[in-house]
Structures are given as C-alpha cells and as structure tokens.
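There are two complexes below, and they share subunit A, which is joined by subunit B in the first and by subunit C in the second.
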Partner chain A sequence: MRAYKRLFLISARNVFAYRMSALVSWIGSGAFLIASFAIWKALLGDGSIGGYDWPSMKAYLIISWATMQLGGAGLEWRMADRILWGEVATDLTKPVDYQKARFAEYLGSLTLELIAITIGVSLVAMLTGGFAAPKQPLLFFASMLLVIPLKFMFMYLACMLCFWTSNYMGVAWAKNALIMLFSGGLIPLSLLPTWLATPAAVLPFASVTAAPAIVYLGQAGLEVVVVQAFWVILLWFTARLLWRVALRALTVHGG
Partner chain B sequence: MRVYFRILGAHLRSTLEYEADFAIMVVAGLLFQLLNLVFLSAIFAQVPHINGWTYAECVLVAGMYGIIAGLSPLFFEGMWSISWRINKGELDYPLIRPAPVAAQVIGSRIGLHGVGDLIVGGSMAGWAVTQVSVSWTPLTVAIGLLLFVSAAAIHLSFVTIFNLASFWIPGPHPFLAITMHNIEDMVRYPLTIYGQGLRLAFTVLVPFAFVTFFPLVWLLGKPFAWAGLLTPVVALWSVWLARFTFRRGLLRYESSGH
Partner chain C sequence: MALVEARGLTKVFRRPQKDPGLRGALKHLVQRRFKDFRAVDGIDLSIEAGEAVAYVGPNGAGKSTTIKLLTGILVPTKGTVAVDGHQPHVERIVNARNIGVLFGQRTQLWWDLPVRESLALLRDMYSLSPTFYKQRLERLDDVLGLGELMPVLARKLSLGQRMRADLAAALLHQPKIVYLDEPTIGLDISVKDRVRQFLRELRADGTTLMLTTHDLGDIEDVCERIVIIDEGRKIFDGPLKEMKDQFARVRRMHLQLASSVPLAQVAAVLPETEVAQGDGPHSVTITFDRFTHTAGQIVSAVLQVTEVGELHLDEPAIEDVVRKVYAGELLRESV
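== the complex of A and B ==
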C-alpha cells in the first residue's frame, strides 16, 4: 500500500511539471466548449429540442465537458510511450501490481485536475448565467465518482493496444472519437438516429458522460449508476486478462 | 519544390511500412470527420436551419474545413516537428544541406490521418455542392477554385506561423500551434453562431474566418458576400507573413552546444 501511495504523490507532483501541456489541453477544450455553447444557443433559442431547453442543455454541456476533461493530464501518453519504447520492462521488475500502480498514478494526476475542473465549471456558470440545479444531487455525485475509474479503464485498455502497434496517436484518436460519439459527449444520446443510439445503449461509453448528465437532469435514477458500477468491475477484470495476453506480445529491443 | 516532394515521398514509403498504424491513423481521421456529419445530421433532424444556414450549407462548411484541415497533416506535417528540432539543435542538418530549409522541414513527416479527413471532408463537400442553390457558371467555378486554394493557403500559412513561434518560445512542444489549431476548429460551423468579439477576432486578428466562412458566404450569396473576394488578398498576406517569420526565425536560431 505504501508503494501505491508514493506513486500517487509523485504523479500529483508530475502534473505541475507538465503544466504547459495541461494548459494547452484546457484552452483547446475551452474552444470546443465555446463552439458547443454557441451552436446550441443558436439552435435552441427560447425553445427546446428533444426535451432539452437552454438551461438544461447548458448543464448537459458543462457535465459532458467536465467528464471529457477528466483524466486528460497526459498520463496516458507516458504509459503508452513506456510500452512503445520497451521501458515497460523495468516496470515489470517492480514488486507492485502494474494495473494498480497505474491507477494510483492516475488518481494522483486527478488532484490538480479536479480543482481546475471545479474552477472551470464555476467560471462557465458565472459567464452564462447559471444552469438548472441537480435533480438528484447525491446520486449525481455517486455517478461522477464512478466516471473516475471508468475513464481510467478506457485509457488503460487503449494504452495496452500499444503492445501490438508501434504508434499511439491513431489509437488515442480512434478511442477519443468512439467515446465522443457513444458517450453522449457529441450530442445527447436521445437525439442520435436509432442505428447509432442502439449500440450506444449497450456499449460502456454512455456511462462516462450520458449517465451523470441524465442523473443530474433527473431523466434517470439509480439503475444508471448500477450499470456504471457493473462496467467498472467488468472492465477492470477484462484489463487483467488482456494484460496477460499482452505480455506475450511484448517486444523489447536491446538489453 | 522537387526536393520537397522527393523527401515527402520517401517518408510516405517509410510510414506505409507500418501497415497496422497506417490503417488506424486513416480510420481515426475518418471517425473524427464522421462525428461532424453525425452531429449536423442529428441536429438538422430537429430544426430546418441555423441562423439561416441549411443542412447542406452547414455540411459544406464542415466538409470544406475537413478537406483543408486534411491537407496540413498530408503536406505540412513536418512543421509540427520544428519545435523539437530547434530545441535539440537538430535544425543544423537541414541548414547545411544544399536545399531550401523550409522544404526539408515541411516534408520531413507525413500524417496519414489526413487521408481520412480528405475522404470524408471531400465526400461531404462534394455532396453538399450538388445540394446548395448556386447558379454555376464557368466564372463561379473559377473564382470558387481560387477562393478554395486561397483558403487552404491561409490555413497552411498559419499552421506554419504558429509552429515557427517555437523560435521565440523555448520548449520541445509546439504548444501555441496546438492551441491555435484547436481554436481554428471552431470554424467548422458557420461563423454567425458566435458572438461579435469572436467573429471580429477571427476576421482581423487571425483570419480563420477566411478558411471556410467568407469563401462560402460568397459562393452562397449570403450577406457580406463581397468579403469572400478578399480571401486571395488575405492569402497573399498570410503566405508573406509565414515566409517572413521563417526567415526571421532562422536568423534567431542558435544550435544546442556541441
């Protein structure tokens, strides 16, 4: 347990070392947020689309932004690089569980990020004249908490593909595009055409954005949070299984 | 120019060696462009137009941006490597070779996700062009092509300029360029949806408005259509600025210690 605590602390400090890249990602997603707000404002006006009026759409957009930002501190690139360059070999010699060690680092990188997200959300709330209050505050909090391990699992599983590829950029983009589409980050899932809404309903991605958002807006209750928890557990053990397969595919050059 | 295409061709062949990576990159490019289409289709299933822009017109904006944005990874990807070249003193090699530095740097990489961008962006724009109400004459086509080339030149010039900022901002990563690229992504929608300050900034400060919006405003005959005809002028200014920045930057270049 002490080893994991150290990893957590080191990773928390690392975020400061990579503050420029963090800042860039913040400005980038800020631009995306402005574009989303602008297009939805133009779309909605004073009316409503698919059950969303402007105050509830604002809440939806800001929750989807917060869940997208979460875990974006660059940890995934460092993990991917270590696998691609073969440095993962030294990680393997360490007497800690690989998956738990990365999770500890991930949690460490969140410390600063959670503060930044809180500031970001408050700023947006101030600038856009507030948004609808949460319908189920406690359940929403639980749902947001579950987003944390879920985002880790997506990142971790994607990084593990690096055992088979020689470049992470394409994998990361494909992963981000899939999450964007099927999580509800692009557009609320209820507005998607059926041929996309159906896979979205059975895939795990909806648990990272749509789930907390619809709990916040009171469109769904406890059942959504249970599904989220189910995905956390299932993905955690899938990753363990994949890890065992991946080790057999590992190529490390030089010695 | 010949040197540039020789270098680029060599990198294309070396990149194609990694087939799985190539496939993933193209698919990633495809997916991101398709997201724009899905988004537009989903919202236009609910409303007939946004600020007077119809579905086909919005698809044209997004498609044109897809094509232009796809050109930079395919032909200008090397620009993104200049910050670490400066940082590591790697610019020494292009400087002493008997070929233009810009050609060597710009051709030094190729990003194949551009293929995905071009395919989807091209299909979107191609479909949209047949749907919008434009009275096509040879003159419209000629001016349209000129505006398109100008718009692409503006985009590529500013990719270059913001990456060249690394001559003045130390560090191995092109942070300014990445940030500006994310901001430029906002022009995938018609600019009318944004507030006045942002529209002004995109017109005067950094002319991203000329990458999609103004050329299409001219083509579609919307208010301020005349502004679209300024695109070639803005393009000339952008290209000049990029070349000027390159020269000034190279003068500032200090190699790392040897």
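== the complex of A and C ==
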C-alpha cells in the first residue's frame, strides 16, 4: 500500500513539471467548451430538442466537458511510450502490481485536472447564470466518481495495445473518437440515429459521459450507476487477462 | 540448489518478414509472414550465492534477453528458470524483492523529478525502514557520491551521474542478486573506475552478481567466472583463468638481440614456433604454444645462437580470446 501511495504522490508532483503544456491544452479545451455552448444556444433558442431545453443542455454540456477532461493525459503517453520504447522492462523488475501501480499514478495525475475542471465549471456557472442543483445529488456524486476508474480503464487498455503496435498515435485517436461519439460527449445519445444509438447503448463508453449527465438531470437513477460499476469491474479484470497475453507478446530488444 | 538455476532456457521472437519498400509494407498487410528468431537457445546456467559471473558475447548474442528471462520481464518460450526457488515470470513480484536490476541503456529514475524522489519511491516499494534507508543512503553516498546527486532533476544529470544514481536505485534495497546489463556503457575512464570499485565492494559484501558487458576491463576487475554466449548458445562457462588456459594458448615473446642474426638461424633452433622480424633492427618476435614450450625454453634456445638484450612477454589478454570467440575462431583452435 505504501508503494501505491508514494506512486500517487510522485505522479501528482510529476504533472506539475508539465504545467505549461497543460495550460496550453486547457486553453484549447476552454475554446471547445465555449464553442459547444454557442452552438447549442443557437440551436435551441427558447425551444427544446429531444427533450433538452437550454438549462438542461447547459448542465449536460458542462458535465460532458468535465468528464472529457478527466483522463490523465500526461500519464497516457508516458505509459504508451514506456511500452513502445521498452522502458516497461524496468517497471517489471519492481515488486508492485503493474495495473495497480498505473492506477495509483493515474489518480495522482488527476490533481491538476481536478483543479482545472473546478475553475472551468465555476467560470461557466458565473458567466451563464449558474446551474440547477442535481436532481439526485448522492447518485450523481457516485456516478462522477465512477467516471474516474472508467476513464482509467479505457486509457490503460488502449495503452496496452502498444505491446502489438509500434505507435500509439493511431490507437489514441481511435480511442478518443470512440469515446467522443459513443459516450454522448459529442451530442446526447438520445439524439443519435438508431443505428448509432443501439451500439452506444451496449458499449461501455456511455458510462463515462451520458451516465452522470442523465443522473444529474434525473432522467435515470440507480440502474445507470450499477451499470457503471459493472463496467469498471469487468474492464479491470479484462485488462488483467489482456496483460497476461501482452507479456507473452512483449519483446524488448537491446539494452 | 543454486541460487539461479536455468535449464534449457529458450526464447523465440516472431519477426515480421517484410519485403523492402511500400510495396513490401502493403503486401505484409494482406499476407502476413513471420520468421522465428531464437534469441536464446537452450541455455543451462547455475549461479551459486556469492558468485560474480560475467556474461559475455557479441551484439545480438542473447545476453540482454537472458537477463530479461532471469528477471521475469520476458516469459520463456521453453525451459525453466528458478531464482531462489521462484519462477521469475510467474512469481514476478516475489522475485522482484530479491533482485536488483540495472539496464545501462535505460533509466529507472523519474525524468522530471529530483533523484531523491525516485529513491523515496523505491524505499516505499521495497518497504524499507527509515533507519535502514538512511544507512543505505550513507553507504551509497560513500561509494557513489550519491549525496550531491539527490537534489538534481534526473534529466539534468550527465551520463556518468545518471549511471551512479541508477546503480544506487538498483541496489538501494540490498538485493540478494544483482543483474547489471552493461553498467559501464558510455562512461569515461574515471567514472568506470568508480563503478568497478563499487562492484568489487558489492562482491565483498557477498552479493551475487551477474554482469553483461562489452568492456572486458569490467570482467577482469570484478568477476572470476565467465560465460560466453553466441547466437543464443552457451559456448564457454568456467573460471576466467581456465578460459585463458584453455583458449589463450598462444604467447608472444619479443626479444632484442645483441647482434644481427638471420631469422632463419633463430627459426632453426626453434621448430614448432613462428619466428618473425620484430619492430627494431635486431628484434624478433617468437610466437609459441605455451603448452609445448615454456618461456625459459625459448630464451635458452635463442641464447645458443646469440646474446639477448631485452625481452618482453605478451600475456594472453581476455580481449584476444573473446575477440576470437566473436570471430568464430574459438572452436577451431580448441580442437
């Protein structure tokens, strides 16, 4: 436990080494947030689309933005590079569980992101006249908490593909696109055409954005949070299986 | 049972077979062809506690792969490994507590943080007590000058400093077995000396050591046993001295003669040797097999012909032997 605690701390400290590049990426994601607000404001006007009026869409957009920001961006590339370049060899000589160790690092790397998200949400609340309180505060909190391990699992599983590929760029793009589309990060899932809504309903990605958003808006309750928890557990153990296979595929040449 | 025990250890990698150019790459997408490559091919190895073993071979011989199999990083294709009774790739975490590993070409330090942070992480990973940790840091400061490196960001270290910090990181928890994969690569002479001095002290402490290197100075300074591998197979395993006896049979004597004597006349009294003109006008070089002639016999034979001024004998260096091994000459010479 001591080891994981220290990994958490060291990773939290490490993200501050990249504060400048983090700042730049927040400016970018801030622009994205402003753009999505502007677009939906224009589309909705005083009416509603698919059950969303402006106040509920506002809440949806800010939740979607916050859940997209979570994800330990710095850690993702660090892990991928270590596998691609063979640095993973030194990780394997340490008496810690690889997956738990990465999860501890991931949690540590969230510090900076959580600060950024808090600032972003407060700013938006101030500028747009605040948000309605969540319909189910406790459930919403649980749902948001579950987003943290879920995003970790997506990142971790994607990084593990680096045992077979020789580049992470394509994997990262594909992963991000899948999450964006099927999580409801791009538009609410209820607005997707059936042929896209059906896969979205059975894939785990909806648990990342749509789940906390609809819990917040009171469109769904406990069942959504249970599904989220189910995905966390299932993906955690799937990753463990995949890890075993990956080790057999591991080739670290030279040094 | 030995501390490290490998039987028939084999690792096969699958390498994609691609034809050159874009066409080859496209073809590989449709029709994937692979070729098996045996990096390590049936290695038997046992290392007793307290031994220091040099693991030597040309580039691509399978040295690093063997180390990675012994440390549990890679899963063997065939064969068995046991380190202190544990299978490294199965009981990776248990095994990791017993071992210290340094890959000279990689670092385990956190690049953007002071060295101190990386060591504190290792302290917690190996659950070291504060007193033990402090003792170890003092010890490592004595031999590696660790103190001055502690507050420095890892990415700001010079290569020599980085290697010292990495050595400290590998040895912090006082592991039973230490694997060092090219610990002196790229280092200047003074840092090399410091590292070797440290390795000698490590040996004196009773640590079991396995070391791969291209620098033969490391071997002579630190190890008394040498294992040579080539193309994944073991071709020699024994004491360093025995290797010299067995394979370094040829000695070379350089003589400064008192007068100018035709080479043929010297050669006549020394059958079965090779007599050649030396560097100077009156000098000759005699190459002989040390199992058929002693240096004394050579000198007394030459004295029958002329007076001898200076003489100098080349001792067999491991360099020569290993160079021959690399060049594939060893087997020929040993028969």
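Simple rule for what comes next: the second predicted complex is superposed on the first by the 253 of 255 C-alpha atoms of A that agree within 3 Å, B and C clash if a C-alpha of one lies under 4 Å from a C-alpha of the other, contacts with A are read in each partner's own complex, and residues count from 1 in each chain.
Just so we're on the same page, a contact is a pair of C-beta atoms (placed from the backbone, for glycine too) under 8 Å apart; a residue touches a chain by one contact, two chains touch by 3 or more.
Just so it is clear, the model here is predicted, and its values are computed rather than measured.
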- Task: Consider subunit A as the common anchor and indicate whether subunit B and subunit C clash or fit when overlaid.
- Result: fit
- State whether A:L178 touches subunit B only (first), subunit C only (second), both chains, or neither. first
- In the overlay, work out which of subunit B or subunit C sits against more residues of subunit A. B
- Message: Between subunit B and subunit C, whom does A:K5 touch in the aligned arrangement: first, second, both, or neither?
- Response: second
- Once the structures are superposed on A, label A:L186 by its partner contacts, choosing first (subunit B), second (subunit C), both or neither. first
- Query: Touch check for A:S21: first (subunit B), second (subunit C), both, or neither?
  - Reply: first
- Message: A:I39 in the overlay: touching subunit B, subunit C, both, or neither? Say first, second, both or neither.
- Response: first
- Task: Once the structures are superposed on A, label A:A31 by its partner contacts, choosing first (subunit B), second (subunit C), both or neither.
- Result: first
- Based on the superposed arrangement, let me know which partner A:A206 touches: subunit B (first), subunit C (second), both, or neither? neither
- Task: Give me the angle at the C-alpha centre of subunit A between the C-alpha centres of subunit B and subunit C, rounded to the nearest 10 degrees.
- Result: 90
- Message: Quick check on the superposed pair: does A:L247 touch subunit B, subunit C, both, or neither? Answer first, second, both or neither.
- Response: second
- Task: Classify the contacts of A:K94 with the two partner chains as first (subunit B alone), second (subunit C alone), both, or neither.
- Result: second
- Message: Rounded to whole Å, what minimum CA distance do you find between subunit B and subunit C in the overlaid structures?
- Response: 5
- Task: Show which residues of subunit A both subunit B and subunit C reach, each in its own complex.
- Result: none
- Task: Could you pull out which subunit C residues touch subunit A in their complex?
- Result: 13, 64, 68, 71-75, 89, 92-94, 96-97, 99, 101, 103-108, 110, 112-113, 117-118, 120-121, 123-127, 181-182
- Using the touch rule from the top, collect the residues of subunit A that touch subunit C in their complex. 2-3, 5-7, 10, 13-14, 17-18, 86-87, 89-90, 92-97, 247-248, 250-255
- Over in the complex, which subunit B residues touch subunit A? Could you list them? 18, 20-21, 24-25, 27-29, 31-32, 34-35, 38-39, 41-43, 45-47, 50-51, 113, 171, 173, 175, 178-179, 182-183, 185-186, 188-189, 192-195, 198
- Tell me, which parts of subunit A touch subunit B in their complex? 20-21, 23-24, 27-29, 31-32, 34-35, 38-39, 41-43, 49-50, 164-167, 169-171, 173-174, 177-178, 180-181, 186-187, 191-193, 196
